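Naming follows writing order (A, B, C and D), and every chain is counted from residue 1.
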């Protein structure tokens, strides 16, 4: 069944998010995640980071209304943040065990039976999604409901979302919808409205967003890059350093008097 | 409230990892220094090389233990070896450590059975030396790897201070060389070995490594710019400037210059710079690992 | 870039930073490829019971998933009913948390009694509690009942008040109105206004 | 609500006055759908909320000035040719002529008795023709028409006045007025809907607030049309049902008055006084006697007034409401108290009074799913349990998933839920509690021969018991509410199919006539029906549940068609007259057809004269409001505080009333409570200079019993907080997260300051007025704990229904010692 599945995505239109946080609770409910002490964020949000017990959280951002027609008025942006299930996924590349893998429907999931808790993925996610779970010694993140999806069910968050701000479905039609929505928003005066997660970002995000304002306003990196892009250059420089040190050692320890022996 | 900042998760790499990075560097550095000296040096260097091999082998074991302690469950380390992923320094590193371990073991065994009867393999003493130097030469590559891959690993994360630093692997290698050779010096001093002329070679090499490390560190700070805030002016600044720059680089360099030419039995004046270099090497790993995920 | 085992073998012997590869298979490491990982749908054997969200008055259709655990029916999942025409399967955070009304370690499951002046609860059997309440109610009614005022039969009991609830079902509301009005109770309200 | 959540998507303009996105998030999806179809959304709220975030226009309005705003809109509609003239002239009482004696002067209507603090309403009536029918001028020109009176009345509500009173800039008001009134006009092409909740009701003019918005909707011709109507959003799962079933001091099930001693001494007088001369309520005797029959069965006979005296009679109208309960309890009048699924220690206005009152009881019974502040009042912070002699009985309650039953949602939709699992331990349903308590009471009185106990003996209490806990059958209770042909045994009871079958002769029994049809035969529970139409033909989904009355989804839907029975707007057709429809042999042709169950005589033709007899006596072919005696909607309606809504300031206000010299609603209820427990801040108080409004959050539920005890919800909002503008915070040296103390003359609470740009000061009559907002879910029991916001609220009430004024009061805020910040 899984092998024949098409690519599935979550499309979040933040401009119709009411910040109700049903997605957060539905995620906890379905995935049976326990209570976690919240933080005081100064606003309606109860956290500012993902955790092993919070695979989704809503960001609340109070800004000046980005529309010129609403100059001087306040606007309250809300965004339900989640694992982006990147096409080029830093976590997946980093994972030494193969626990982090790409599913048949294109998303990124962690096999808890294989994960060994090295946390390289934690450090390698440009969105700060993966979190270490001290109870299990492994890492957790949104699974894209990898148990529901193959059974033909939408993700728990998308299903519960009251306004359909979070939608679950096939990639292409969803992308079309999102692109059309950006056009609409621009026409409504949201000059910086954008689609975050088309193929220009990490090869495409399988959880992509329509934003009313620039990504950084929402705490998203404007141009995230695959951390492993550095491996080749860093390795080359390390090799160069090795050569320098090696030559230095050779020069330092070369047996000048006796010449080479044996 | 207002514009929120980008959030990157803390991998919670703690003291196990700091020690692993530090000791792994020493192991790699001691090994490749020893192997190069063993191959290209004269008979006097062989004694020094043996110390290097003897340091590398137990440290490799300790490194493995540290990694296992960090993972929590011993069997989980084996999961590292389910796959080999070229772009994952963690994966390559796990394999690399295993490979290095094999070299370190063989080299240590051949060093131990330099003379006299040898169990299992009936090799002549000359063959033993020849194989040891050949194995060491090839193993040098594994030593370079172990000494530097940890820096490449940091560079391939999303942590701003790490991901911006192209020279971390190169820097760690330089530090591994100086801490490796310093540890050899320290052991020689502890055991009161008369390395004769080799002391001067050690010093020459160490001074070079220190200079090279300082050059790379300076280049790194320039590259990082604002991202270096936590270490140059932030929470870890004191440790960085005093622990690494002053104690770990400047002081041993100056001390070594003042010591001048030396041969014969080691004195504390020889051991002190080595000790400081080791402190500096530890501080480097500590500061870099701790400050990366630290937010403001 | 993910390297398959086949690809990995091609790389054997190659190095960038100095790795020469020996065989680790001899160490007993299982190098077989990661098996396709699929989690079981935890509700696949559950019985589905239609329900209604007990929070606000939108009245979202819910599906309650029940499974036998240790021989007893247990709620294992509650989510929106996708057929429900005015909600289309959605639930708000409260509705999404409905299962914690049932499965919650803070939930009392015994009747509690607090004696006058006491600083603690005592657990009591249900029947005892019901008997006590019926007796108190009768005693207060018998003592304070007003049968007539100004020559008009009023059959009123002013000494007992009831705050019923907009959280109760219609049937519960109806029989409490029926019973309490017949007992003469006029202080009879729910939180329509608060 | 007159309409249906699904139908909101058909609106062209939506004016939300509640905080719908936060408090009814799932219903809000229909607003989002409407927006997607091009609708404009206006949000009127003192605060910028999560609803405002999705609105096209946010209109900040000072709390407690809704009538000034709606009055301004009505004036705008009337002065700018925005009223739907034909609708107004024929479907409302705008064309009726009012008694010459009626008048209005500087805030007061005629007939005010200052000593009694009440109105004599005799002049608030129509001029009548010799046959008793009201005089009418459908040109609306006669100066005594309701329309002309309204026009004069609201002429004072100019945009400038709205700006001064409400703090809404004139330009913004005009923008909103133009937008919303674009749904009206003589050639109406659009519809608009208005959403409200407790934002309008919790005021000393709460009822008039609702009247004002309904009047606006009538002027624009929006009632009864798709995308129109009034969307009333209720807070609890079953506020609608509990109200229908009259867990209310003033009613009996089905909206029939609870008898008053002096007005209704016997059945004949009750029926005479309570039954109007026209409209569908002329059938009240059938409904009322069917109710008595359902309650007292064979003991209800014509000879004993069908058991009329088994029901108590109220001493007076101004008594027994929730607020009366706690004032009277505090005075020691009440000895025993049931709090079944309610938590007044947190939820009641002036909650300190409520908790102090509980201490005066002999016994208290609490039944709830979790421990509540009410159950634990004897060990509340600062209370010495030894000093409290109240006996407390706590019964654990079952949530919906653990019992059978129905809930009636905000759109009158009755939905059945099944028992998914048996409740654990000694947990039982409330149905179990009341039923078994009733059984015990009946047993205790079984041998009584006293007259006063005969009702208890007569009480029909024969619900079959099911399962191991002897749970009474909820289905049988629902069957009784639906009604049946009276018979002593269940097996002989034939279910009624519609309330038209109710009889006044004692042959039928129906516990709640408006619910008739929900259980039309013993096998069919329409509340449990889960049929949906996927063809798109039945967008109102009549197969899902059962909406009272008669499964009608949009009320007053006759008004969606014009005087000839054709839709006013072709694209917004709901029901219309089909003149050729065949009604069977011998019957005249023609009937109402369309997408909903007609709220009308199904064959009552447009332009037909008023029926002289029959169940719709007094209703003619163009009288869409059949529950009204005259068949038309009442723009002019004599409530106890006036026939037209008039702006008065809240009891606690930062400013004098700018519209008249009458500062507050002259007949507002202000309780005198002993021990200084209901002090009121003076107008423009310097000690309490800020406006305070209270409200709810998405993530919590009312007094918090069903949310603060749930880990996942407690986690969402754990700390209690007050929203404070940046301007006020700066003035008071308060930083975000600081502990602050908010006080009113009734009490003070400590909580964290949430400094936000979403709250902004108002300019009222040229002066800056700060407002702070506090959600009220917190209490001292649960995972999320905090002080009780309702400790701040006064015991004052609307004179019609005694609802409290918790949306607009005065307070002070000060930075507190920064200890114990949660």
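Here, a contact is a pair of C-beta atoms (placed from the backbone, for glycine too) under 8 Å apart; a residue touches a chain by one contact, two chains touch by 3 or more.
No experiment lies behind these values; they were computed from the predicted model shown.
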Q. Looking at C-alpha means, what's the farthest chain from chain C?
A. B
Q: Can you pull out the chain pair that has more C-beta pairs in contact than any other?
A: C-D
Q | Centroid spacing, where centroids are CA-atom means, of chain A and chain C in whole angstrom | A | 32
Q | Whole-Å separation of chain centres (CA-atom averages), chain B against chain D | A | 76
Q.
Averaging over Cα atoms per chain, report the distance between chain C and chain D in Å.
A. 27
Q: Any chance you could list the residues of chain A touching two or more other chains?
A: 20-22, 24-25, 29, 42-43, 62, 93, 98-99, 114, 162-164, 228, 235, 238-239, 242
(Q) Residues touching two or more other chains, restricted to chain B: which are they? (A) 1, 82-83, 85, 87, 140, 144, 148-149, 152, 169
Q. Residue numbers in chain D touching 2 or more other chains?
A. 25-26, 29, 698-699, 711-713, 716, 736, 756, 783
**Q.** chain A residues touching chain B - in the complex, by the definition given at the top
**A.** 41-43, 48-50, 59-63, 90, 93-99, 114-120, 122-132, 137, 216-221, 224, 227-228, 230-231, 233-235, 237-242, 244-246, 248-250, 252-255, 257-258, 260-262
Q: Give every residue of chain A touching chain C within the complex, in rising order.
A: 2, 20-22, 24-26, 29-30, 92-93, 98-99, 101, 104, 109, 111, 113-114, 143, 146-148, 150-151, 153, 156, 159-164, 228, 235-236, 238-239, 242
Q | Sites on chain C touched by chain D in the complex | A | 49-62, 64, 66, 72-75, 78, 81, 83-88, 90-98, 100-102, 104, 106-119, 121, 125-126, 129-138, 140, 144-145, 147, 149-150, 152-179, 181-194
Q | Touching residues on chain D, where the partner in the complex is chain A | A | 21-22, 25-26, 28-29, 32, 35, 48, 50-54, 58, 698-699, 711-719, 736-737, 752, 754-758, 760, 783
Q. Once bound in the complex, which stretches of chain C touch chain A?
A. 1-2, 16-18, 33-34, 36-42, 44, 77-80, 82, 89-97, 99
